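The data blocks that follow each hold one structure.
Paired with chain B in one complex and with chain C in the other, chain A is shared by the two complexes that follow.
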Partner chain A sequence: MILIIILLLPIITGLLLLPLKNPATVRIIALTAAVANLLITLGLIISVPSATYSVNWTHFMGTQFTLGYDGISLIMILLTNLLFPFIILSGFTRSHIKIPVLNFLILFTQSSLLGVFLAQNAFLFYIFWELTLIPVYFILLLWGGENRRAITLKFFIYTLTGSLFLLFGIIYLFTLTPGLHTTDFSAFNQLHIPAHTQNWLFWILFIAFAIKMPVFPFHTWQPSTYTMASKQGVMILAGVMTKMGIYGALRFLFPIVPEGVLYWQNIVIALCLTGVIYASVIAFRQSNIKRLIAFSSMAHISLMAAAMFALNVYSLQGLLFQVISHGVTIVALFYLVHLIQERTGTLELPQMGGLKHVAPGMAILLLMAVLGSIALPMTSGFVGEFLIITGLAKQSLWVALIGGTTMILGAIYMLYAYQRIMLGDSNPAFSKVQDIRVLDYFILIPLIAVIFVLGIYPQPVLDLAEASVNSMQKLLGPAGEVISQLTH
Partner chain B sequence: MVASIPYITLAWLVPAFPLLGFLITGLAKNRLKNNQAGILASTLVSLSFLISVLLFFTMKSSGQESATLTLFNWISAGDMKIPFAFMIDHLSIIMMLIVTGVGSLIHIYSIGYMHDDERVNTFFAQMNLFTFSMLLLVMGANYLILFIGWEGVGFCSYLLIGFWFKNPDYNYAARKAFVMNRIGDLGFILGIILLFFTFKSVSFTEVFSQAATLQTGAPMITLITLLLLVGAVGKSAQIPLYTWLPDAMAGPTPVSALIHAATMVTAGIYMIARSSILYNLAPITLNIIIVIGLATAILAAIVGLRQNDIKKVLAYSTVSQLGYMFLALGLGAYSAAVFHLTTHAFFKALLFLGAGSIIHAMGGEQDIRKMGGLKKKMPVTFLTFLTATLAISGIPPFSGFFSKDQILTDAFENNPVLYVLALGGALITCFYMFRLLYLVFYGNQRLSTSHPHESPRVMTIPLIILSVLSVFGGFLNIPSLFGGDSGFSEFLHKTIISKITAELDNTTEIGLIIASLILLGLVILLAYRTYVKKAVVPAKDGEKISVFGRIIANKFYLDEIYSAVFEKPFGFLSDFFYNQIETKILDPIIDEIGILTSRLGDLVRKLQQGIMSFYFFAMVAGILLFIIFILIV
Partner chain C sequence: MSALILLTVFGIIILYLGFVNNKTILAPVAITGLVATLILSVKDWNLGSKYFHDMMIIDNFSISFNVSMLIITILIFLFGINYYDRMEHHVAEQYALMIFALTGAFLMTSFSNLIMLFLGIEILSIPLYILAGGKKSSFRSNEASFKYFLLGSFATTFFLFGIALVYGASATFYLPEIKNYIAQFHGHLPPMLMVGLLFILIGVAFKVAVAPFHFWSPDVYEGAPTLVTAFMATVVKTAGFAAFYRLLGMGLLPLPGPLEKTLWVMTGLSLLVGNLAALRQTNFKRLLAYSAIVHTGFMMLAMLSQHDSSAAVLLYYTFVYSLATVPLFIIFIHMKRASLGLEELSIFRGLYRQKPWMAVFMTILLMSLAGLPPTAGFLAKYRVFILSISQGYLAISIFAVIMAVIGIYYYFYVLREAFSESNSPTPLVINKLNAALIIVCGTAVLLLGIFVWSVPI
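Moving on, here comes the complex of A and B:
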């Protein structure tokens, strides 16, 4: 029952908001719902180790509407419900454009994301997976920036194309299930698919997730979409939706096509590492801060994807820890980027400089978020990336070396951007810029606190992740032995 | 773990005080007035020093070698367990005493030096944060805690080099320092990871106790020590990662004294000395360290000959002295390296603080060609600076003599060629230091506009204390040749295992010392004749100098070479990836696919009269139909 509440609380609240008129009321109700959902989630994490909820849903596919969670889902749910209150709070501005609709769409996104993470059935998973696109499509289209029509369309078609492969894969798996066909994950996990089938099925399933994360070379929708997206849009996309790709890959690939994973492992790691270097190098010369952060996010996500395919306990622990860490850091960074744009009216680095003179508070908070991003020890980014690089080194020292270059390249482009924005002589164009306001503190201080608290005391999340890694190894089924051999 | 040293449970206070100082001065920086931040920061670091002293004496009297204080479990993943723990042993207590002792003197000095700066409170917050990180570095009980401090000090160094953030050159210098350190840090962290794979632990006690089982020269241990060395090379500014240190002089002078002379840059030496057991198993690595150390010592000293900025001279001198410490490490004379580290902390901090006093008096002028004749105007600064110059030049009985002589003797035992090269470097050091001394303090005042004056007492008292340490610091470790007991080396000898065992016979050793002293005397005479008697002033910028001189004055064009080989191609690659591959290849391919799809979409859209929401419902319905279709067929 509690899972149904977590799943539906946002969307029902969202529907109730639609007839309301007063923007302030709408925002407060939306925020209350999101915070309540976070508290319920935290309560769930503390009290109930795992739960499933099932009702008979469709008969034509012989499947059940099954919700449940394990460690992996729990991390994702925690991330979603942790970030959405801040995403909603960041809309507490003077803007009055269609506030009820906007908050409805945001809460709609939250529910569909939670559905993705809670679904215990591949078909249900797919429905929620596609459902997330609908509100996000409108958020991008209605609140986006320059050139939003073309970019949104591209984003939409891109991800939809990937999804179609996934759908095909699900249907194919469905036909393989014995007896009365089913799309339950538990049934999929029991399938013993021949190795040569796994080899092509791997890509059918992986494409959708590779696009969502994104993995090189399926990333080309991402920089322009992030750059164009509104503040809340980009926070949702970068903070949570990229993690859908990671979650999907963990849920589908390893238990269902383990031999395919082992077969393609090195190729995928090579693609991911290419993405790390490629995105980091590109980030260095971007003049638009948002695009720079977009490429930086791609570099970090690529490293996480590489960690996933290193298939050992350190890399998986690091990956799941980094899911939270990256989500929080990137949301803080994008919020700050938008703050800078709102105050200075520009996103272009060449027009910036000397902002620290008039906005010292903003400068300190930006620097702290940057530290999380470049994985300085005592930030959460360090714990995650250290475990990831350890896991990569288990695979090969060269892989770790290439993946580890993010430490250097990240420092190069992030500190460059920080310098271009904040440092230098005072800028006459910014003389009237206001520093951080109360609302900004309410959003940034908690997010940055999470970055540092998890950097100093990461164990609670690592414990959650440990349960996930264990549960994944349980799910692994036939290849479980192969993979556990790899890890020991 | 059971606390085996009395008061060990107080050890956490040592880093906690500066952390507290950072938090208070950082959060209340807009409220603290006058010298409040400086006094608070200095007091807290001094308290850390007092606790370190207490720990030192209880440690000595209890006869305990080491003790560990575990605070909490930091990272635990799979079989990886990394506690947040401190370890106090003979090596770390020495480092703690240096960091908090020299550190508190520099903090006190800064009260005077930074008095007029509008961001003085921020300055002290960052200095305290640095001290905290440095203490984590030297007190950490495992390589990963050491690494927290290691990167923490690098970050504080970044902040403080770019302290005057209006100047883009300073900001660039700060970034350069951080990035070059990060290059080393990547090697370091990979080394730590391999340590973990090899020993299933990164804690010092476990790694070192298991290391004995490994064979000398095993490939894995060679690889690990090389990777750790990469980190040390970056942090301790050795070839090829040293060019950040001279640029780091952009920071306020007390920063140069604390971070870029006395403490942070010696972290690499500390780390290798700490890992002596591992390095003893890797003779190849040790030989590489000898080459790096000696090459850095000589090259930096040569560059120092032609620098005209007082801080740049000292910076190259620091690089060079760090090279000597590396040489000692490579020879396996770890305690000699730590001893030189200690005396260097005294006299180099003193030199920088003296330079700060001079710059303060000259109204910000740093060019030694514009100084001169300051001896009478600034007697305290002059006398203290003189003792430091004598110490760094290795004149007995000043501290540098004992520490450098030990390294030279160890070099001779290994190979007389090393000795000759190292002695050559020492002679160059002596020359550029006396060149500096003579140009600044002797002759006539060359810049008529300024009115130099002695610095206030809050600055001169730290100078005097450091001067006393520079003079007498060498007595900590008087070798048996002079009837001493080598107390410093003995204190360390159970913590770090030196490789040097053979002793030179007394006649040879005395011969070497006398020879080197005669040469040093000649060099000082030469400097005196050139810069006092003939009153030669180095050429102005743009004046014609010899080709060789120009190469040296331009630091062997290393910055230009790095820029051409790394920075520019990197920018080019970035543009190429974005403008060519991303924009012209990857993106169009997807667009082509997209255009095809949207043509199909156009057909469908005609059916929908452009109502977006309907489109979605159609989509979901379509998916369902598709499924049903497949199920039926």
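Moving on, here comes the complex of A and C:
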């Protein structure tokens, strides 16, 4: 029952918002719902940390509407419900048109994302997976920036291409299940698919997730979409939707096609590392801050994807920790970028400079977020990426070395960008720029607090991640056997 | 049988009501007739009655397709109240001709004899030739009518010639007997029979507009009055597929190798050609015509993946497709009126600003055509894929998946227009009945997607 509440609370609130007229009321109700959902989730984590809890609701396509969660889902749900209050709160600043519709779409996205993470059935998973696209499509189309029509369509088609291959994969698996066919994950996990089938099925399933993350070379939709997206759009995309790809890969690839994973492991890691270097180098060459952060996000996500395929406890734990850490950091960064754009009217680095003289508060907060992003010790990014690099080193030293360049290159381009924005001589055009206001503190202080608290005391999330890794290893059962066979 | 008689009688009544100089009674009478026919049809459920020396067998298959076509025709007639409001003359004929076409469609769903199929196709087609030229003063409408008539007659001759050849070989018109006759050759058919069957299939393929026999459909769809286009795209397509399925299921399955390969190639071609052409369209009616060809490909996929549930999947697909197509044409007509007769995709611009609810329902309908969850269109495609993959047709299924993605592009292109700002918004007027129709269809598409609906045949 509690899972149904978590799932439906946002969307029902969103529907109730539609007839309302007063923007202030709408925002407050939306925020209340999101915060309430976060509190329920926290309660869930404290009371039943990583049990599997299912609700059999109704019969549907020969399978059941089953919601449930394990450690991995819990981390994703926590991240979603943690970020959405801030995403809604960030809409309090400027008066948009059609506030009820916007908040409805945001809450709709939240519900469908939660549906993806809660579904225990591949068919249901797919429905929610596609459903997230609809509200996001409209958020991008109606509130996006320059050239939004073409870019949104590209984004939409790109992600749908992957999704339809996933659909094909799900139906194929469905036909393989014994007896009365079913799409339950538990049944899929029991399948013993021949190795040569796993080898092609791996790509059918992986492409959807690779596009969503995105992994090189399926990333071409990402920079332009991030750059064009509105503040809340980009926060949803970068903060939560990229994690859908990671979650899907963990849920589908390792338990269902373990031998396919092992077969393609090196190639996928190579692709991910190419993505790391490629995105970092391109980020360095960007003059638009938002594009720069988009590429930096891609570099970090590529590292996480590489960690996923390194298949050991450290890298997986680091990956799950980094899911939360990256989500929080990137949302804080994108919020700050939009703040800078709103106050100065530009995103171009060459036109910036000396902003700290007029906006010292902003300078400090941006510094903290940047430090979190470049994984300085004492920030959450450090814990996550350190674990990931350790895990990669177990796979191969070279992999770890190349993966480690994310941190070095990241430090270079992020600090360079920071220097161009904040330091140097004061630009006379910015003399009337306002420093941050109370609302911005409400958003940024908690997010940055999370970055530093998790950096200093990562234990709670690590415990949660450990539980998840344990349940992952259970899922990895068949793959684990294969690994032990190969090593002996 | 009583349903068929009643339908014919109502057609004639409507024809004579044209003498009464009162347009307003036509649609109510016609709809009453359709509803009565629907009730009579449903009463025959599970009876399996046979008529005319078994030339016609009304079983559950034909009843479910008939009911589905009746529901869609009722929707079209309800909309016709407003559509024919501005037409001064010959309104009665329009309704009557559609009812006569429906009579032909009924024969096509229940034949068991090739002659009966031929009669059905002709009774369906001849009213359509007239209907396509419904706008007498419009050059394009006349062109559509003439083109449809010429090509349609051509296909009919193929079909008739095919029947003659099959009769020449097997000395019977009855499908079950033809089936037995074919079976004795174990797949190695004599040339005359093979050519005969091929010609029959070509004739039917023309009616359902499978590539490469689709060339008439974009021109005819574009030129015909929009309401007739909606009728052709939905009811006629459903009837054609019911006939196609019955032809294969009762008589020709398992198909001899070359013929089966031909049909698979036609399926792939429909998916490909329809999509590639649809990508380049700027006219909404032509876009829907080409997208209909793609849907034909999906229906072929369901039909050729021979399984017990093929008929149910085919019925679901055609019904869901029709249910989304008719209201889209209704929306299109309103936009066309608002933009003073233009038919380009750009006329949808500014719809969201003017009538947000209409844009939302248009989204649902287009999503259903594109096959996105949680609409019924998704479930329809999902069931087709389940069918084809479980029967082992992996390669063509993957191809169909890719084609479904391309389809999403042009449907969302239309949607994008609807959610863009217009430079010169013209006031959009829509009456309550049409608004209700759009809402009902949109909601139905959504509900059918959430609650699975299936008819045992």
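Here, the second predicted complex is superposed on the first by the 467 of 488 C-alpha atoms of A that agree within 3 Å, B and C clash if a C-alpha of one lies under 4 Å from a C-alpha of the other, contacts with A are read in each partner's own complex, and residues count from 1 in each chain.
By definition in this document, a residue touches a chain if its C-beta (ideal position, glycine included) is under 8 Å from a C-beta of that chain, and two chains touch if they have at least 3 such contacts.
Remember, predicted model here, so these are calculated numbers, not experimental data.
*Asks:* Is A:T152 touching the first partner chain B, the second partner chain C, both, or neither of them?
*Replies:* Only chain C is touched by A:T152; chain B is not.
*Asks:* If we overlay the two complexes on their shared chain A, which of chain B and chain C does A:F165 touch? Say first, second, both or neither.
*Replies:* second
*Asks:* Could you tell me if A:T405 is touching chain B, chain C, both of them or neither one (first, second, both, neither)?
*Replies:* Once the two structures are laid over each other on A, A:T405 reaches chain B alone.
*Asks:* Quick check for you: in the superposed arrangement, does A:L15 touch first (chain B), second (chain C), both or neither?
*Replies:* neither
*Asks:* Which of the two partners, first being chain B and second being chain C, lies in contact with A:Q419: first, second, both, or neither?
*Replies:* first
*Asks:* Please indicate which partner A:I5 is in contact with in the superposed arrangement: first for chain B, second for chain C, both, or neither.
*Replies:* Touch status of A:I5: no partner.
*Asks:* Name the contact category of A:A449: first (chain B only), second (chain C only), both, or neither.
*Replies:* Once the two structures are laid over each other on A, A:A449 reaches no partner at all.
*Asks:* On the A-aligned overlay, A:L39 touches which partner chain: chain B = first, chain C = second, or both, or neither?
*Replies:* Touch status of A:L39: no partner.
*Asks:* I'd like to know which partner A:V383 touches here: chain B for first, chain C for second, both or neither.
*Replies:* first
*Asks:* State whether chain B or chain C is in contact with more residues of chain A in the superposed arrangement.
*Replies:* Of chain B and chain C, more residues of chain A lie in contact with B.
*Asks:* Let me check the overlay on chain A: which residues of chain A are in contact with chain B and also with chain C?
*Replies:* Residues common to the chain A contacts of chain C and of chain B are 60-61, 127, 130, 134, 137-138, 141, 153, 157, 161, 167, 171, listed in rising order.
*Asks:* Give every residue of chain A touching chain B within the complex, in rising order.
*Replies:* Interface residues on chain A, with respect to chain B: 60-61, 127, 130, 134, 137-138, 141, 153-154, 157-158, 161, 167, 171, 217, 220-221, 223, 278, 281-286, 313-314, 317-318, 354, 356, 371, 376-378, 382-383, 386-387, 389-390, 393-394, 397, 400-401, 404-405, 407-408, 411-412, 415-416, 419, 422-426, 456-459, 462, 465-466, 469, 487.
*Asks:* Spell out the residues on chain C that touch chain A in their complex, using ranges where they run on.
*Replies:* 363, 367, 372-374, 378, 382, 385-386, 389-390, 394, 397-398, 401-402, 404-405, 408-409, 412-413, 416, 419-420, 452
*Asks:* Which residues of chain A touch chain C once you look at their complex with the stated criterion?
*Replies:* 60-61, 126-127, 130-131, 133-134, 137-138, 141-142, 149, 152-153, 156-157, 160-161, 164-165, 167-168, 171-172, 174-175
*Asks:* Across the complex, what residues on chain B touch chain A?
*Replies:* Residues of chain B touching chain A: 72-80, 144, 147-148, 151-152, 155, 158, 162, 165-166, 168, 171-172, 175, 178-179, 182-183, 185-186, 189-190, 193-194, 196-197, 570-571, 573-575, 577-578, 581-582, 586-587, 590-591, 593-594, 597-598, 601, 612, 616, 619-620, 623, 626-628, 630-631.
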